[in-house]
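Below are two complexes that have subunit A in common, paired first with subunit B and then with subunit C.
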Partner chain A sequence: MSQLIANALITAAIIALVAVGFQLIFQTARFFHFAHGVIITCGAYCAYWLTREGTPFTAALILSVLFCAALGSAIWVFTYRPLQARGAGPTILLLASLGSYIVIQNVISLWFGNDTKTIRQGVVHEGLEILGARITPVQALTMLTSAVLIVGLHFFLQKTRIGNAMRAVANDPELAMISGIDSNRVFIGTFAIGSALAGVAGILMALDIDMNPQMGMNALLMGVVAVIIGGVNSIPGVALGALLLGMAQNFGVWKISSQWQDAIAFIILLAFLLFRPQGFMGKKVKKATI
Partner chain B sequence: MDYLLHILILIGIYVILSLSLNLIAGYTGILSIAHAAFYGVGAYVAALMALKLGTPFLANVICAIILSGLLGALVGIPSLRIRDDYFVIATFAFQVITFSVLNNWVSFTSGPMGLPGIPQPRIFGLQVSSHWQFLVLVGICAILVFLAARRIVESPFGRVLKAIREDEVFALAAGKNVAAYKVLVFVIGAAMASVAGALYATYITFIDPTSFTVMESIFIISIVIIGGAGNLWGSVLGAAVLVILPEALRFVGLPSSVAANVRQIIYGALLVAFMMWRPQGFIGEYTFRKGDQG
Partner chain C sequence: MENRNLKGNRISRSLGSILILFAIGFSMAGCEQPFPARDEQTPAVKRSFLKKLLGAKKPSKPGLPDPLVLGAVLELTGPGAPYGQWSKKGLDLAVDDLKAKGVNVRLIIEDGQSDPKMAVAAYTKLATVDKVPVVITTTISGSVMACAPIAERNQVILFAPGSSSPEITKAGDYVFRNRISGIYETEKAAELAYKQLGITRMVMLLVNNDFGLSYGDAFQKIYEQAGGAIVAKDTFASGATDFRVQLTKLKALEYKGIFLVGQVAECGYVLKQAKELGIKTQWISTIGVENSKLIEIAGDAAEGLIYTAPRYELDDMGTSGFEQKYFERFQEHSNLYAANSYDALNLLVNAIRSAGYTGAGIKDALYKTKDYPGVSGLTTFDANGDVVKPVVLKMVKGGKFVSYEAAK
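The block that comes next holds the complex of A and B.
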């Protein structure tokens, strides 16, 4: 039982990390940036490539995260921003993000191959025993990192000037511009931070369960589900959503075979979309119909 | 020569798929990433019936149409409550759930191992097995689907679809039962896609869930958009271009191990490029921009 809880928390930790990054971008840019999924993959593969080229492990991790931040911002600058300048709506941006995802994922496949790679260091340990559950050091690190980063992000958005600027642009872009906030910088910062979080998630995933070019899509879809069921404007909500998903997936496999994890998550998503679209913590927004 | 026929058959199948999705996405304006699910259900129903019941091809196709149509209705109904981009996510969800069922219900669908040895069609006593015969069969089906689609879009029904695309609230105000139209177009689109599935299954004689993934759905919507959303000939053109283009690479000496990846890079890049510079595709009328009259 406690093992199930532990597994649920570990799953939730990764999903939450992906989700808050995605949510940050979604709040500000107001469309579904699916390419976020491939940034996750890039984080892992960048770390892989750097360690293979001889970079010390910690430096490789930091550089990979920075690379992800840069890549995310680059996608904004070269793809989304020009599209928005032409008046593209969320659907067109969504399609462009799907296209970007496909291109980058296949570049990774071409460069590194489709097989599973690993960046694990050293021997696989048996794992620590905490309160009756077995957790590997990597999994403990995952939960800790995720918690720290998410709480950190929450405070960053609430307390710092830049964070407030981001929230302002997310809330009302025109008003923010009138108040003197440089929305271009805010967007770049948003994409950078969100993508950095994605990179961290990718690295943590790779350290725990190795990596392949498709790893990002699944993690992303889980993250999107968490954002929607948690409420698109609330970090605590998203964390709650991730927790629900983690539990549903891990407790679900108790009774049902583990292959149905994805289906379970998406059935939960559909239920929320149909019956509580604002998520746990969101406020009900009435669609204006004129 | 066989290779050329193979390409033409594939184009035919994708023409059917893109025409059917064009009705939903291009004419009604509902972006859907669930189309590979309808395609897959059609393929699996036709294959399972042929393998386990030995029923004739036409009967299998009819059953495929019915079941896929039901799934279409299931997908279409939430479109009434869930708006715009959230609905796209919902179609994603249906796609993944369907794939999960195909992949994990091993006792019924053989899961990842797939269904080999699917019998080839036998229609009114005529056996369809050679490439030429399949080309004729696929060609006839593609033409029939095209004519049906054209009939639909040029009819009053089609006009309402376009009205929904341009301004849903206006269509409602004009007294149209928008809900019914949306569900119906999904049923029709799904039914047509299932025909493509049945053709695919009996042509390749082996299917497994990996042919009906999210990526396949994205490929089909790419064809619709690049060819031109809201224009039936656009779907034909798009299917031809997106099937031929990667194949043409083979003649430039590209090793087949990287062919699949390069193919995806091509259509991913084309999708972004078209969104950037020509969102109506080659000859489309609709650009997924609200209030755009094309």
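The block that comes next holds the complex of A and C.
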């Protein structure tokens, strides 16, 4: 039982990281940023490439996260912003992001090949026994990093000037501009932070269960489900959503065949869309007050 | 604030519908391979097409046409790629050797992408557009089963040098393979588990496709007949990398061994994650794991794994020089998949030489083949287009694949 809880927490940690990054970008930019998935993959492959080239491990990880942040902002600056300047709506931006996803993923496939790659080398260690569950150091690191980053992001958005500016732009870009916020810089910052989180998620996934060029898409799908369950505007909600998903995926298949894992996630999604579309933390809208 | 929530409300609805659409789309597309690879030998397609346009007739009487155009659907990408690539290397060697003997073979190679859907599309194209009488395929048993009806309908030989699913035995008259049926492998595995190791309770962990499920069924039948008990059976998706759920479920059970059937990367992750979860048991698997990728992924977690393998000894091959040629050209040791593919092409050319360039003729000639001395051993087809060759036990020891008898 404790192993199940541990597994659920590990799954949830990764989902939450992806979800929070996606949510941050979605909240501000208001369209489905598909390329977020490939940034996860980029984080993993960048770390893989750097360590193969002989970069010290920690430096490689930091550089990879920075690279992801730069890549995310670059996609905004060179793809979305010009399109938006020409009056493109969310649908066109969605297609553009899907295009970026496919292009970048194929570049990765071409360069590194389609098979799985491994960062770690040498012996496989048995997990440490913690409260009756086996957890490897990497998995412990995953949970810790995820928790720290999400709590950190929450306070960053609530307490700092830049965080307030980001929330202001998310709420109403025009009003924010009128009050003197440089929305362009806020957009770049948002994409950078969101993408850095995706990069961290990618690296942690790769350290735990290796990488292939398709890894980002599955992670993104689960992340977006968590965003919808948790409520589009609330970070604690998204964290809770990820936790619920992780629990459901791991406990749900306890008595049935494991191939139903993804189906369970989508059944939860459908249930939320039908009965509570505003998510965990969203407030119910009263028609009279609009 | 209310306004914003209403927006959020609508947004999450539209987000959700987009997400569901894409989830469906991606699961249908299998999202496996972005590159539908064509082989460098593509010009052959154009040439044969041109010939058809000009009305050139293919000779149907005995004798070899020049060039001798044959088709192949190989798993060049996806989870089955290691096996498909080996097969291609074996075929490349065979094409060169035949050329040296004056037989000009042109292989039109299509990528089956480890996906039955793609294999069917490629097979149909080869059978109906290129109109080849023979298509060589590789390992993915699901792809072979999916292509078998097309082979029967178009009277195009399907020759599978690497497929082992017991189901293929009854797949049809035009379906041949020179790899032994998995029945013999599972018999050996069951005997090892029950008789030699004295394991009476086992768990099966299978890849959820024709290969895994048919091996599982065959193993369960033989093992239970012998007196053993299968405590549990769980499956995983082809290409999966996270097996913690399946393994955690196993932790609560009482058993002494696990029969693991999957492609090499999947098996590697299972072994690694099992060790991380503290599962200590006797792992028994099949030839599919014999690939350096297993050691790369699982490291020392693969130690002690025992698996069944059709007999293929490198030093026995010295006489034919296959291993030597293979090593010189590809800088790696030859293996069963490459050797079977090499033999397959030679068997087929022999059949065409005696029976002509038609599917029906080649079929009859193949059934008449007796003790063909190939690089993978003697080949004789039975009434089902299957062969019988010896099976041995091997194990992982010190990061190497060694004979179980010698190592235990």
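Note that in this section the second predicted complex is superposed on the first by the 281 of 290 C-alpha atoms of A that agree within 3 Å, B and C clash if a C-alpha of one lies under 4 Å from a C-alpha of the other, contacts with A are read in each partner's own complex, and residues count from 1 in each chain.
Keep in mind that, in the parts below, a contact is a pair of C-beta atoms (placed from the backbone, for glycine too) under 8 Å apart; a residue touches a chain by one contact, two chains touch by 3 or more.
As the structure is a computational prediction, the values presented were derived from the model and not from experiment.
Q: Tell me the contact category for A:Arg134 with respect to subunit B and subunit C: first, second, both or neither.
A: Once the two structures are laid over each other on A, A:Arg134 reaches subunit C alone.
Q: Return first, second, both or neither, reflecting whether A:Leu221 touches subunit B, subunit C, both chains, or no partner chain.
A: Both subunit B and subunit C are touched by A:Leu221.
Q: Specify the partner with more touching residues on subunit A, choosing between subunit B and subunit C.
A: When the residues of subunit A touched by each partner are counted, C comes out ahead.
Q: Touching A:Ala263 in the superposition: subunit B (first), subunit C (second), both, neither?
A: Touch status of A:Ala263: first partner only.
Q: A:Ala96 in the overlay: touching subunit B, subunit C, both, or neither? Say first, second, both or neither.
A: After superposing on A, A:Ala96 lies in contact with subunit B but is clear of subunit C.
Q: A:Arg161 contacts which: subunit B (first), subunit C (second), both, neither?
A: The answer is neither, since A:Arg161 touches no partner chain.
Q: Mind sorting out which residues of subunit A both subunit B and subunit C touch, each in its own complex?
A: Of subunit A, residues 32, 94, 102, 105-106, 109-110, 217, 221, 224, 228, 257, 259, 266, 269-270, 273, 277, 289-290 contact subunit B in one complex and subunit C in the other.
Q: Please give the residue numbers of subunit C that touch subunit A in the complex, ascending.
A: So the residues of subunit C in touch with subunit A come to 1-6, 8-9, 11-13, 15-16, 18-20, 22-23, 26, 31-35, 77-78, 81-82, 208, 234-237, 241-242, 244-246, 248-249, 251, 265, 269, 272-273, 275-278, 293, 296-301.
Q: Mind pulling up the subunit A residues that touch subunit B in the complex?
A: Residues 31-32, 79, 82-83, 86-92, 94-96, 98-103, 105-107, 109-110, 217, 221, 224, 228, 257, 259-260, 262-263, 266-267, 269-270, 273-274, 277, 287, 289-290.
Q: Name, in rising order, each residue of subunit A that touches subunit C in their complex.
A: Residues 3-4, 7, 10, 26, 30, 32, 94, 102, 105-106, 109-110, 114-116, 118, 121-127, 129, 134, 136, 171, 209-210, 212-215, 217, 221, 224-225, 227-228, 231-233, 249-250, 253-254, 257-259, 261, 266, 269-270, 272-273, 277-279, 282-286, 289-290.
Q: Give every residue of subunit B touching subunit A within the complex, in rising order.
A: Against subunit A, the touching part of subunit B is residues 31, 78, 81-86, 88-90, 92-94, 96-97, 100-101, 103-104, 169, 214-215, 218, 221-222, 225, 258, 261-262, 264-265, 267-272, 275-276, 279, 287-290.
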